[in-house]
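Supplied in structure tokens, the structure appears directly below.
Should a chain be cited, it is by its letter among A, B, C, D, E and F, assigned in written order, with residues numbered from 1 in that chain.
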Amino acid sequence: MTRHDGRQWDETRPISITPNYQRFAEGSALIETGHTKVLCAASLEERVPPFLRGQGQGWVTAEYNMLPRATNTRTPRERDSGRISGRSQEIQRLIGRSLRAITDLEALGERTVQIDCDVIQADGGTRTAAITGAYVALYQALKVLVDSRAVRRIPLHGAVAAVSVGLVKDDLLLDLCYREDFDAQVDFNVVMTDRGELVELQGATEGSPFPRQRVEGILALAARGMEPLFAAQRRAIRQL
Amino acid sequence: MTRHDGRQWDETRPISITPNYQRFAEGSALIETGHTKVLCAASLEERVPPFLRGQGQGWVTAEYNMLPRATNTRTPRERDSGRISGRSQEIQRLIGRSLRAITDLEALGERTVQIDCDVIQADGGTRTAAITGAYVALYQALKVLVDSRAVRRIPLHGAVAAVSVGLVKDDLLLDLCYREDFDAQVDFNVVMTDRGELVELQGATEGSPFPRQRVEGILALAARGMEPLFAAQRRAIRQL
Amino acid sequence: MTRHDGRQWDETRPISITPNYQRFAEGSALIETGHTKVLCAASLEERVPPFLRGQGQGWVTAEYNMLPRATNTRTPRERDSGRISGRSQEIQRLIGRSLRAITDLEALGERTVQIDCDVIQADGGTRTAAITGAYVALYQALKVLVDSRAVRRIPLHGAVAAVSVGLVKDDLLLDLCYREDFDAQVDFNVVMTDRGELVELQGATEGSPFPRQRVEGILALAARGMEPLFAAQRRAIRQL
Amino acid sequence: MTRHDGRQWDETRPISITPNYQRFAEGSALIETGHTKVLCAASLEERVPPFLRGQGQGWVTAEYNMLPRATNTRTPRERDSGRISGRSQEIQRLIGRSLRAITDLEALGERTVQIDCDVIQADGGTRTAAITGAYVALYQALKVLVDSRAVRRIPLHGAVAAVSVGLVKDDLLLDLCYREDFDAQVDFNVVMTDRGELVELQGATEGSPFPRQRVEGILALAARGMEPLFAAQRRAIRQL
Amino acid sequence: MTRHDGRQWDETRPISITPNYQRFAEGSALIETGHTKVLCAASLEERVPPFLRGQGQGWVTAEYNMLPRATNTRTPRERDSGRISGRSQEIQRLIGRSLRAITDLEALGERTVQIDCDVIQADGGTRTAAITGAYVALYQALKVLVDSRAVRRIPLHGAVAAVSVGLVKDDLLLDLCYREDFDAQVDFNVVMTDRGELVELQGATEGSPFPRQRVEGILALAARGMEPLFAAQRRAIRQL
Amino acid sequence: MTRHDGRQWDETRPISITPNYQRFAEGSALIETGHTKVLCAASLEERVPPFLRGQGQGWVTAEYNMLPRATNTRTPRERDSGRISGRSQEIQRLIGRSLRAITDLEALGERTVQIDCDVIQADGGTRTAAITGAYVALYQALKVLVDSRAVRRIPLHGAVAAVSVGLVKDDLLLDLCYREDFDAQVDFNVVMTDRGELVELQGATEGSPFPRQRVEGILALAARGMEPLFAAQRRAIRQL
């Protein structure tokens, strides 16, 4: 299987994470994987949503948005309709759950970290890039809390990252770009911790139901694809 | 492991599907699984969404909604905010994809089947019940097309149904009710065809990452739970 | 005058009220009159709207909604536009006023009963069926207050029900179905108490102004039509 | 019974109608009844709503709105919420039905007359004043059609006007001002043609069901109150 | 240069201001300049917006709206879309800033004056007329505070008014009507105090950039045009 | 007058424009002036808005938006309210007018260039930076038309740029950063062509009316500040 950008079937795209990209945010990072670019910001707020008040624990939540010309043809802004699309909502809920899964919400205290993921350029894999980049923004914002002695240590249980795996014809492909994603019969997004545990697993098809025996191979491939992501996160964090 | 309603860990709730529940719809079914009740309607429309026009194929799409007192405390109507919640959107997109996966869209022709799933009573598993019940409503609506000779045979590749599996403490449980869902660390929704193939797989956790080796057992349990669902669908369809 | 369903001009459709239809609501009832089916739920809330705070009295209010396939062709959901149609608003305001007219709001105390009327199937007369059925749901919810000793007796002054009367050509018809409603030049909705007093009277025409002397006969016919409605309510309440 | 503005129980407030109030509208009128002032405009459009296309008949429809300081305390604009209140919708639907009842829609042809009623000052009876004033604006707009020879004669079957009647304690009062309306147990709005026929009848109470025998007297009083209204309309039309 | 309504190039349209036009408002004025008519109301509220709470100062803010038939063809109401148009927002922000520039917000105390400008008829210059008329409504509302001894003197530093100047071909024209505005290459709106100082200056062109040396002449002409406006304001205020 | 970033009173901030920043857009540019960063994209569409159809001319229009963490504290997204703020609307209308003033709309033909300005970081002067950067994106998109031979030459009459001037105490300052803008009594935004002509002039104050004689000096200072802006545009365009 030759991929049109020359990658092997089990190879991720080149990845770079620029931390501290937005000067006024408590945490921020620009993640680039291939042509996909997502700007992630983390905002600290000294309050929690109503359903958590008085329970001595914090919250992490996320918003996801595309700039109009991230895409090949212009995508109208969601503010025009006043509606957040089902796709955006699905993705931002996934980002929030993924980050909460590795955050020590009790140690965070009654604070919220609001994550904003804005897609600057979209060439497939924006949701997985958003999760991987948001982790760095979250880390930087939490470090502000440590530096100001509001908490003793970074309230995280580990790192989290995400990657896609697709089934194109009968072949597995790691980290799909837009064109590969378009051609895939089955599309998995896998979110894992740096200890190799699963956080979230979403596999979908529109017209090609598939044997459940394929899931094992998909997860193994995703696990392998995590390595460069965690490495890029560590490099970014060292620059803070 | 004793379940509070007396079920075994690998047992689904009692299920019944009443076809043709709404007199004016082309297809409809009331599905009851335990205390969960979802009314599913299928509407035939002789047109397709703009992105499909002129391509000689049809479309199946779904909406999902809760009646205010389906739940233990009243849930405000989504029309009040003019916003469809992220949860509703996630679910209705899942229902649509699941039904399209088993529909022969070319054979359907330039028609849309619009599925409406309205939750009358919610005790966990409303999204999986909606998929299982919507299949019957879809079948009935497509039969209208056959009966009127608009198409030659029911344009379906097979049946589709869905069930949940949870990880409560260290135990797997099939077909969670609301209270079990609340207690589960990990929550899977599995959509399969009656040939045993996977259509969709969603596994999520908020705070308990888990070993990927557990996925195999989860899928096997889900596969076993499909049997009574497909049987109930067949009984309902025979009544049409 | 022969009616297409075989009824006499002064005859109501068969009516049945199933109380306690939704397990999690404080009160609920499914009312069926002919092919019209409306699900009514009553929710108790320990607060009143802002304009009543601190005045030692309660409130009863209502929402009215159609399921998309209650009707012959699919009606889009109001959440899509974020607008409640003028028709829905008119009807839900009417239901609220009708129930307040027989509720002892002082005896209720600073509580709100929120009524939800969801039309499952619409064959004319949904607003009058909603009023008649909502009374049973309201009664059941208020009984919860008595049973929990929050109030001493059911805070109601009596029962309330509603029926339509139409002028088709020159004939009066009681309890119009959809087709008769469509043909009627003049359409009255009459809300009365079980003591025979008027609560609300709405008579409208689009193109056939009529002599005011006809109103007396219309009201007399409506009064006669109330009997089976109050009887059905009493049967339902006895089952609680 | 002494009324606080010195009127008899069966006396309407002073009424004046200034036709042609807005220079750019096809028809317009400012109606003043006591302190209530409503500006009515009629716009001619050479098209009909979708449900009437190709049927060779026209349409009359209305919108109703309050200026923020029509009232004693400022009422926020409905554009802020993007919601038209239930009250406004009820009223504008009533105005539309009332005008359609006296319009010869076939003779009008495939045209719409859009009526706008904007309340400049509100002291009770704005909906009845709106109907009475809108008739003059409608007449003027239809005269434009006659003058331009688009239609042969004014396509109206007669005139329409409206007045309120209230039951305050045990007394009937004609044409309620805001304070009387507030005190009334029962409140009727009656719409009639200049031939003395009924177009619409709405009677409501919140807490005081009343004997149906009172309706006859209410209608008789309303009929008497129509005289000065039709006279004011005729004076206004003569000025065109 | 002959103007189609016979005015000289440096002449404003006839202006009249009727104070106290809306009986229930604390302040109100109907301003007419040529065929342009704007109704301005001022509402006193004993509170300030959140960002000013506890700072011992007041606020003045404005809303601007057109009645549907102020214009030559009907303009749909902004409530229909739930969106305030960019034009309306621009204008109401301008009105607010202009009035705040001459209000002594400290002396006003923690109160808000809410200005409502509703355009009854639009023939060009509605934003400048709104500012000029709103000053009178504001003055009247502030006088209520003095009369009730809530403040010692009218908390105003002076009067404010506004006028437009256009460049049509190569000629300057004062106070453009709609048709002149349509023809102008460059359009200035100038807001000044009665001491001859500038409050706001907005000059725009769509297709005809112009030498900056013209600005001096534009401002001089605007300054001359202020005289009749301030005179009309003084006459209106003397009637209070 | 010492400025806190060491600039002279008549000095602009360092400016850089990176063209072609978004790979999938027909034109794009990232403009940085001091800490302010705005991403501008230009999209070509082969159609015009309804009001221009069939007139043989094109259109240029703009949208302006802030990323949530462009600012010191997080700004909620406008999609949440479904409302575009008055400030955003004012700015995007200004950007559109400014670009249209230098575009040859006839030569463009029946096409629209849609400009998107997204503020990545906001330290004052985002609207002027947006205009200056958008010109480069517009140029690049129009060059696509020339390269594809859809038009013969770039349909522009010249370049356009914008800068702010403020009056802080009694001193004029060129190109205000956020803190200076906050302190300024009077704030001008000046849009000019590279021939030195004025396109738009907006000067506003909230509490400090000022002598009109100051305007001349403000415009002269703005004209001087244009030089580095046009130079940066030329450098960016040479890189295309």
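Side notes on the structure shown:
FYI, a contact is a pair of C-beta atoms (placed from the backbone, for glycine too) under 8 Å apart; a residue touches a chain by one contact, two chains touch by 3 or more.
Protein names from UniProt, one per chain: A, B, C, D, E, F = Ribonuclease PH.
No experiment lies behind these values; they were computed from the predicted model shown.
Between chain C and chain E, the least number of touching-chain steps is 2. Where chain E touches chain F, the two copies mostly use the same residue numbers: shared numbers make up over half of all numbers in play. Of the chain pairs listed in D-E, A-F or E-F, the one whose interface repeats that of A-B (more than half of its contact pairs identical by residue number) is E-F. For this pair, chain B with chain D, the centres built from the Cα atoms lie 51 Å apart.
Note: centroid distance chain A to chain D, computed from Cα atoms, is 59 Å. Touching of two or more other chains is recorded for residues 82-84 of chain A. By the touch criterion given at the top, residues 22-25, 28, 35, 39, 41, 43, 45, 63, 65, 67-74, 77-79, 81-84, 114, 116, 118, 120-122 of chain A touch chain F in their complex. Of all the residues in chain D, the ones that touch chain C in their complex are 82-86, 89-90, 92-93, 97, 100-102, 105, 192-193, 195-212, 215-216, 219, 223.
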